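What follows is chain A paired twice: with chain B in the first complex and chain C in the second.
Our next item is the complex of A and B:
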C-alpha cells in the first residue's frame, strides 16, 4: 500500500470516527454534553422540548432562555429564579437529573405537554410538574414557558411572641451534647413493623414527655427468632429531630434486605439530648385534604406565620385507621422557600394498597433556615 | 552512565548519514558546521533543559495544586510509617493500598526521610521527568536518527501532556512508569532483533519496575509501544544481521513469559486483591470520556492543553508515518492511542476497552499518544532546522515553550480546587480531646481530604482512591468523593445519604463542612453544628449517640506475608533494575545504525532541497 493512500485512509477513518462519536455520542459523553447535540433540534414539538430540557440539565440557562417563544415576558434572571427559586431553597443548588414528557394534545401550530422535572436536591429527588405549551414559529418549534410570577407582599410588621429555650454550657471548649445534664424524657408511644415489597419497615411515634426541648432520634434493631440481632438501622431523616415539650413525631425506619418473617423481635432505642430551641417559625397547615381515590395523597398548603423566611420545609404525615392505629408514615420536602404569609403547596404520596385503610392523619412540619437549624 | 546509548555524541557524530538532507541545504558551510548539524544534541544538555524547566516548578511545589498529587503523598505517608502493612484505616473505614502499584510512593517514603514528604514527591517526579528525556531519546532512536531522537527528547521536556499530567492531574504513577517503559523498549528491540542477553536482562528488569510503578501503563503500553517495536524488528529481520521468524517468536515469547512471571510475582498481592475484590462498582463519570466537540471545555482540557503545538504536527505525523515502511508500526500505535485518548469523541475507546473505558481515565492515552508522536516530531524538527536553521529553531522553541507554558499554567486557570485553604486547624481539632475516637467526613474540601488524612489520626469513610473502596454505600451509586458529592449529581448525593444513614455503624460522628449546600441534609438527618474553625468558614457538625469507630472491612485485610511481599518486591524490583543497568553494554556495531533511519530526501525526493 502506498504511503499516501495509507495516510489518507487513516485520516479519513479518524474523521469518520469523530463524526460517529459526535452524531451518535456515547452515553458517557452525553453526561457532559447536556443532550449531546451540537445544535438544538427544533424540528418537532417533542424535539424542541427535549432540547430545552437538555439545556436545563446542562445548566445552560442562557441557551434555554433564548430558545423560548415567550422570553420577552421575563428576563433571564427571572427565568432562572423561576427554575431555581427567588430565595435560597432546596432547588437553589440542585441540578435537573431527568425529565419526562407526556403529550396532552397537538395541532400543526401548537402542542401541549405535561412535563415532570426530577431535580436532584441534597435531600433527595424533588419533582416539579409543569404543563408546557409549545408553539410553531416559522419552521421551528419553540417552548412557551409557563412562567410563575413571584408574589410580592406589601411591607408590614408582624409581631412575634414565641417560646424559646436556651442552654447554658460550661464553656467554649465544651462540645455540644457533652454537658453532664439529665437528658429529656422521651417515650415511644406507638410502634409497628410492616412488611412491604421494598423490605421491612418499622413505624412509630415518639413523644417528648419533658418540659424542655429535645433532640431525638430512634434506632431499631431487628432480632431473629433466637433473639440475635439481624440488622440495625436509624430513623435518619424520617423523623422530626427537634421535639418541643409534649410534641410528638412519627418515625419510619427501613430495613431493605430483611423479611418480616425472619424477625422474632424488635429492640427500639430512642435517644434524646437537651438542646436550645425556639418555637419559631410557626408553620400553619391550611386546606389539608386526604385523597384516597385513584392516586392517593395528602395535600395542603403550608403558611409561614412568622416574619422570617423558612428556606426548606419537611412535611411528615402520619396516617391512622378508624381505630386510631398507625397505618403509614410518609414525607415530602417542599422545594420552595416559605415566605411570610405566602402559601406553598405540598403533596404527600400514599401507597395505593394502604389508602383504603386510612381514616385520619396528623401532619408535622420541621423547617430549616439557611444559617439556622432544623 | 546507566543507559550507555545515551552517550551518543562521540559515537554518532562521526557516522555519516549518506541520505541526510543537510548535504543539500548547507553546501557552503564549513565541514565542522556540517558535522555539528548532523550531531544529536548532547544528553547533558537535554537533561539540563529538563532540570531548568521543571526544577523551579517542582521546588515551588506546583503539583500540590493538582488532582492526585496529595493522594500519592498520602499513600507515601502510610508507607513511611507502615512499610510492611498496606492496610490503611484512614480512608473508606479501612482499605488496602495493595490496590495500587506502590513503587513511586515507596520511593517518596524513602526520600522523605531526608526531605520530608512534599519535597520527596517533587524529587521523585523530577527523576521521572529526567528519565523520560532519556527514555524518549532511546525509544526515538529505534525509529529515527540520533539527531532527530535528540530533538524528540528535547520535545519531551516541553511536552504539554507531560506538564498536564504532572502539574494538573498529578498522575505520578503514569509519569513515572512511562519513562521506565520507554527505557525498556530499546532493550526489547535489541533482544528480539539481535538476541542479546544483556538486553534481555535489562529489558525484563525495567519492564518489571515499570509495572511496579503503574500497572495500566504496562498493560496498555504493551499494545501501543511494544507491538510497534516488535513489528519493526520483524520488518527489519532481513536487514543487516538476519533474524529468522522462529528466532523472533522464541525471543518474543521468552521475554513475555519471563516479564509476565516477574510481574505476577512482584505484584502478587495486587493481583490477589484484584481477583478477590474486582472493581465492580458503578462507573463514575469522568470528563475525559466526554465528546470534545460537544463539550468543547473538556476538549480544551483534554486535547488542546496536552497536545499543544503537537496538533500542528499531526498532518506531518500521518504523512511521514504512512510514507515510510519502518515508521508505519509507530504510526499505527500512535493512531490507536490518539483515538482512544479522544475519549468519547470517537467510539473507539469504548469499543477497544469495553468496561475498562468506564473505569480508567482517558488523558493517559493522550499522554502515550504524544510520547509515540515525539519521534515524528524529532524528525520534523531535524528536517525544518536543516532547511530553515535559525528561523525554524526560533519557531520550534516558541511553540514548545507555549505548549509547556499553557500546560503548566493550566492548573491555575483550571484549578482542581477553586479554593485554596489549609487543613491544619481541621486536623488539630480532630486530633484533640479524643475526637479521633470517631470517624469523620468532610464536605466541600475537594482534594484537600488527602492532606487532612495525612495530618489527622481520625479515620474517615471518604477517600480519593476510588478503586480501593469497598464500602457498599460508596460503590453502589457512581459518585466519587463524598466531599464533592454535589458534583456527581443524584449518584453522589445518594452515596452521601447512604453513608450518613449508616453513621452509627461506622462511628461517623463528625462532619467538617465547608459548603453550606449540604446544611439542609445534615440538619434533617440529625446532625447539629457544634463548632467552627477558620473564621467560621468550616463548620463542624456532630451527631449524638454515635458509638466510637471500630475498624471494618476486616475480611479484606491482607495477611502479613502479603504485606512483607509488598514491602520488599516492588521496591526491590527498582533496585534490581538499577543494578542490572550497571552491567556494561557491548557497543553496537556501527553498520547496524548507519543509514536505517528515514530521511526527508529518501521519502520525498527534493522536498527539502534549497
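Our next item is the complex of A and C:
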C-alpha cells in the first residue's frame, strides 16, 4: 500500500515539475533548448557579455551581431565567418558549448575581459581565446567585438602536379598462386612507456620504410610480470594515420587506471595497409617556438604550400630530451581551414613537469579534406 | 506357417550362395592416373563391379568371367582404390599413381615487392601437378630463374621432393620489375617481383637566396646502389634559428625535393628522410 502511495506521489511531483518547467522556464534552459533567446541584459559589462555569449550559443547570429557596438566595421556574414570560417572546417559542424569570462579591468565607461569560447567539435573541445572590450553607450553596455577578418581566396586556377598512388588488388581472374600486392612495411623506431597521474602512456614513433603510402595504426598490449595481458589499447587519433614513403609519425596510447609498476612487458602491434593517397597538400610548419616557461607550449604557424584547401589539420608534436630520447607526444587540431599560402597558428600544450626536459621537437601534420581524398 | 516360410527362405539362400561364391578378380596392382586398364572377373552370371577410391567411384554391370575394360581418363584421382563385386566376398585393390608428365607448375613467390639487394629476400615454392591435378611425387628438376632488366639473371636448379621444391634468392641490386620464372620442361610459370630502391644514401641539399626566402633543393636522391628513390618519398627539411624551428615534409618530385623556407641569417638547415640524415647548411649572415 505504501509503495503505491510513493509511486503516486512521485508521479504527481513529476507532473508538477514538468508544468513549472514549461510555464516558468529558466532563461538559460530556454536558450539551451533552442526554444528562444534570452532577453538582452545590458545593465553591466558582464551581463552584456553573457547575453552575447548566450546568443552565440543559440546560434542567434543576427541578434548577437546587432548587439555589438562596433557592428558598423563589418557585416553579418563577415561576423559569422569570424566565428565559423568561410570554408568548411572543424568549426563548421560545431556549436559553442560554454564560455568563460575573466575581467581584466573596468572603468565607468568601458571594461576589458579575457573570453574563452569552448566550441564542441567532433574531435573534442576547441578553445578560442579573445580579448573583448565592452563599452557603455548611454545607459547600456555593448560588446566591442575584436573582429578578425578571415582570409578569402580570390577566384583562380592553381595548377598542381602532385603525385598520387592508386591500388589494384588481385581479382578473380588471377592465378591462385599469384601474390596480392604487398602490404606496406612499417617499423616502430622508438617506444617509451611513461607513468603519469592519469595512468600509463606508451609513446613512440612509427616509420613507413616502404615506397608506397600506408594507412597505419598501432596497438599496445601491456603484460604483467607473468607475461599475461593486462590491457590492450590503440593509438586511435593520436597518430598520423596516412604515412607517405619514409615518413615518420609519433603515436600515443593511453592506459587509464594501469600503473607502470604492474607492467612486466609491452607487446606492440603496428598495423599497415595500402591506401590510395596523394602527396598533396604539403604543409610547412613555420616559426616553431618551444616555450618552456610557466605555461609550456609549442607554437607556430602552418602554411599550406599547395593549391588544395586542407579543411582540418592535425598537428602532432614529438618532444625529445638532450640525448634525443622521446619525452612526450602531444597534439592539437587546428579549427580553421588551411588556405594556400595563408598562415594559421597552432599551439600545443606541454605538461609543465616535462617542459624542462625538452630540448628539441619534431612536428608532423596530417590533413583532412572534406569531400576529397586524404 | 512361420516354419514353412523359414524353410522356403533357407532353400532360396542355399541355391544362391554357390553362384556368388564363384567370383574372383584380377586387377593391375598400379596404373598411371588417366590410363586405360581392365579388370578380369571369374565365375558366371551377372554382377556389379565397384571401384571406390578418393573422390571417385566407378560402377559397371559385368558378365562374370569376362574382362571389363576402362577407357583412358576413367580413373584419374591418384590414391588407393578398393575393387569389389557386389554381393561377393571377392575384393582387390588398385593404386592409381600420378602421371610422371608434369602438366601444371603452381608457383608461389613472395613477396611481391621488396627492397633491392636483400639477401634471400625472395622465396619461391613450386608444386608440380599432372594433367588431372595430382601432385607429381616423382623427383623432378625445376629450373628457377630471376631476371631483372639490365642485371644478370640468377639461375638455380632444384629437384622436387614429395612434389615440391623451394628456393630463396637475393633481390637484385638494381631496381625494377623482376621476372621470377619456375620452369619444368616446356611448362613455365612467371611471377613479377617489384624490386624497389632502398633508403636514400648520401642525401645532399643546396641552398640559394630566393627573395626574402631561402630556396633549398636536394641533389637527385638515390639509394646506396645508385637507384633513384621513387617520387613521393618524404624528405624533411628543418631550419633552426635562435630557438625557433621551421619544418617541412616535402615529397620527392622527379627525383628531387625542393622548398622555400624563411631566410634567417645564421640559421642551421638540415635534411633527412626517414631515419637517414643528410648534410647540414648554415645560412650566411
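Heads up, the rule we're going with is that the second predicted complex is superposed on the first by the 313 of 374 C-alpha atoms of A that agree within 3 Å, B and C clash if a C-alpha of one lies under 4 Å from a C-alpha of the other, contacts with A are read in each partner's own complex, and residues count from 1 in each chain.
Keep this in mind: a contact is a pair of C-beta atoms (placed from the backbone, for glycine too) under 8 Å apart; a residue touches a chain by one contact, two chains touch by 3 or more.
Since we're looking at a predicted model, the values are computed, not measured.
Contact with chain B, but none with chain C, is seen for A:26 once the two complexes are overlaid on the shared chain.
In the superposition on chain A, A:163 contacts chain C only, with no contact to chain B.
Touch criterion met: A:247 reaches chain C, while chain B stays clear of it. When the two complexes are overlaid on their common chain A, residue A:193 makes contact with neither chain B nor chain C. Using the contact criterion defined above for the overlaid structures, shared-chain residue A:219 touches chain B, although it does not reach chain C. Once the two complexes are overlaid on the shared chain, A:281 sits clear of chain B and of chain C alike.
Comparing the two complexes, residues 175-177 of chain A contact chain B in one case and chain C in the other.
Only residues 106-114, 189, 191, 194, 196-197, 199-200, 229-235, 243-251, 253, 259, 261-262, 273-276 of chain C touch chain A when the two sit together in their complex. Every residue of chain B that touches chain A in the complex is listed here, in rising order: 283, 285, 287, 289-291, 293-295, 298, 318-319, 321-324, 328, 331, 335, 338-339, 342-348, 350, 357-358, 433, 486, 489-490, 493, 497, 500-501, 503-505, 516-521, 523-526, 528-531, 542, 544-545, 603.
Note for the complex: chain A touches chain C at residues 161, 163, 165, 175-182, 189, 207-213, 244-248, 279, 282-290, 300, 305, 360-365. Those residues of chain A that touch chain B in the shared complex are 3-7, 10-11, 14, 17-18, 20-22, 24-26, 28-29, 31-33, 36-38, 90, 93, 95, 97, 120-125, 173, 175-177, 215, 217, 219, 232-237, 239, 241, 271, 273, 275, 311-312, 314, 333, 366, 368, 370, 373-374.
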